[in-house]
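Following are the structures in question.
Two complexes follow with chain A in common, the first pairing it with chain B and the second with chain C.
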Partner chain A sequence: MSIITIERKVLEKNDQIAAQNREKFIQSRIFTINMVSSPGAGKTSILEKTLSQLKDKINIAIVVGDVQTDLDAQRIEKFGIPVVQIVTHGSCHLDAKLVQDAINNMNLDGIQLLIIENVGNLVCPANYDLGEHMKVVIASIAEGEDKPLKYPAMFRNASVLIINKIDLLAYTNCNLDLLKNNALRINPNLKVFQTSCTTNEGINEWCNWLEQKVNETWRKQ
Partner chain B sequence: MSIITIERKVLEKNDQIAAQNREKFIQSRIFTINMVSSPGAGKTSILEKTLSQLKDKINIAIVVGDVQTDLDAQRIEKFGIPVVQIVTHGSCHLDAKLVQDAINNMNLDGIQLLIIENVGNLVCPANYDLGEHMKVVIASIAEGEDKPLKYPAMFRNASVLIINKIDLLAYTNCNLDLLKNNALRINPNLKVFQTSCTTNEGINEWCNWLEQKVNETWRKQ
Partner chain C sequence: MHELSIAQNILEITQNNVPTDEWNKVRTIRLKIGKGAGVEPEALEFSFNAIIEETLFKKARLEIELIPFTFQCNNCGEITTNNEFFAICPNCGNTNVKILTGLELNISEIEIEDKTGKQL
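Entry: the complex of A and B
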């Protein structure tokens, strides 16, 4: 029980800093997404596909979180856009303070889209608001259809679900309809995309939707 | 930094209770494994295969941890062996106290093998000793080859690596040799199995090895 008490205090402090981040994003008209998933669901691959399609149309910056290594930042660097890697050294999630430190070290002038790639974890990142406009949860077909029920907070707090590795559907016993129904039962407002970074299925739909959201935010004020 | 201090205290307390659990397992000659992985890597499927092969040869009990739902316990119940489901209600890992409460509510007389299925998470369960003999980490082919480098604590603290969903190898760009090399670079002592719960590849090898470990422990004293 004492753990829970400590956790509450940590979360309250986190929410205060997240509010500061959010205010900054709104003032700067930067649309910000927080990408979350299990390890290996394909966050970085989706990010690479998104950057390929959108980097010449809109100004993008990236914050990448990992427990160890800067492998993900290395994969992103080739796109020639601002990237900050946060290595959490054992912590299982990004928090608002880490993101605040990261964006204070970036030049965000003219940036229209900030993508935060969280640590691979379906539990704790659900509870740590970073100040983002929305969480985008990525679930791989290979993980099976029961994950929304077993990790409901993540699916409840997300606005978008990307069902990735859809090309593996034929080779697994995952029931796609059941996966979608399970997710929508937890959160009926989820916008759902189906993608494959191998066949490019669904990548256009996702990128077009994201571009539109960015432009809506940029045109405000 | 304050979070880290709190975490240390929590871990010290955890380690004390884990030591009590360990003492109980040793006294009772119960070989205990802690199964850990990302969500959807196949812990429950491996567990089902293991129970099918071993339940008539050795006496097994199960503790299953989940953030929400008792779906996993439901899948295990059909084997007619003792199962306790721990629902952590948002916590991202099992701790020694939860396991202690669980085993205090089980009849362990004659039990030779206790399998603890942890919450799906490659980060925090690495740091929480439950008193087990060994951690068994399961990595799915679909997660790619970089997970040992990105989540090193888990692979360093595990004794066994089961590379699961090996049947998907032909349909992904996962480099199996690199995955094994990455894991062995982090932990050269890892015992590695390659399995598929679809084709049953490697299941015999894993079960035979586990049965031998159980028998060695049971014969002691």
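Entry: the complex of A and C
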């Protein structure tokens, strides 16, 4: 037997394309977030609330990934901003190449914020760098407090945790403090927001924070 | 089920690193996978065996070494090994730690049967 020693990252090709995406975002001063969550946690609802608040203040473009259908893109289109729907046809995550193809088909002139809504899945998207500035993970009250412990990689890789559907707290057994503590024990650097897309609680705080991040990136020459 | 696309990446890297006339001699592909990489070894082996079935690589098998979590406390510098992602410094109780190992998803070695070697 002969042995070839290679020591390579299995996902090196994805990482290379992600680096190209990242370079493009930095060059164009586009703040880019990758929104991840399990299905139904409220990614698209948070996105709609964010667009309502920020679309007249900053220039936003959206890339939205789903396994099937363009229902999410239809929900976004009414805001009159650039949106590309990626249909993965069965694949459980977006990868850097899919995002690269999507942004190559968009006019990003003047865009300050790109929001990538990933496929609803707390496992696979953790492995695939898309070139984003940060991952924003959304966990909803109805999912319970143990999600960070069950899917630690996603919470470790994220910079922001949005705890959504906070209005449902009274109707579930979810322990909010425990949910937060579990997440912070996996990743003590998480910035945490608590939101409801029904009552609008916490939406201002999230949007103000995001707007500030976008402006910081845009000002950099 | 992202193990399938990971299996495709492994096959592609193997093709790029082994001369074409030795593709049918690849026997073992060694991987190092961190326990926090979010990859299920059995699902990966299943996916890999499925995609090589009709190819020159059909005698290749994956050999997976699972890498535990090692983390260093950002407060006191203590290095700890753990089977869980949950990282609390046993020395000072700090949760602000730097992960040293356990997130790997690497291909380390490819073993090829010699020209003189017996067929398996």
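Here, the second predicted complex is superposed on the first by the 211 of 221 C-alpha atoms of A that agree within 3 Å, B and C clash if a C-alpha of one lies under 4 Å from a C-alpha of the other, contacts with A are read in each partner's own complex, and residues count from 1 in each chain.
Everything below uses one rule, namely that a contact is a pair of C-beta atoms (placed from the backbone, for glycine too) under 8 Å apart; a residue touches a chain by one contact, two chains touch by 3 or more.
Just so we're clear, the structure is a prediction, and the values are computed from it rather than from any experiment.
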Original post:
Which partner does A:V10 reach: the first (chain B), the second (chain C), both, or neither?
Top reply: both
**OP:** For A:P188, decide between first (touching chain B), second (touching chain C), both and neither.
**Re:** second
**OP:** Check whether A:V123 is in contact with chain B, with chain C, with both or with neither, and answer first, second, both or neither.
**Re:** both
Original post:
Residues of chain A touched: more by chain B or chain C?
Top reply: B
Original post:
Which partner does A:C92 reach: the first (chain B), the second (chain C), both, or neither?
Top reply: both
Subject >> Partner chain(s) touched by A:K55 [first = chain B, second = chain C, both, neither] >> reply: neither
Original post:
If you stack the two complexes on chain A, which partner ends up touching A:R156: first (chain B), second (chain C), both, or neither?
Top reply: second
**OP:** Please indicate which partner A:R29 is in contact with in the superposed arrangement: first for chain B, second for chain C, both, or neither.
**Re:** neither
**OP:** Mind sorting out which residues of chain A both chain B and chain C touch, each in its own complex?
**Re:** 3, 6, 10, 91-92, 123-124, 127, 149, 152-153
Subject >> Residue ranges of chain B touching chain A (in the complex, touch as defined) >> reply: 3, 6, 10, 38-41, 66-69, 71, 90-92, 119-124, 127, 140, 142-144, 146-147, 149-153, 165, 167-168, 171-173, 198
Subject >> chain A to chain C touching residues, read off their complex >> reply: 1-14, 91-93, 95, 123-124, 126-128, 149, 152-153, 156, 184-186, 188-189
Subject >> chain A-touching residues of chain C, taken from the complex the two chains share >> reply: 1-2, 5-6, 9-10, 12-13, 17-18, 27, 31, 36-39, 85-88, 95-96, 99, 103, 105-114, 117
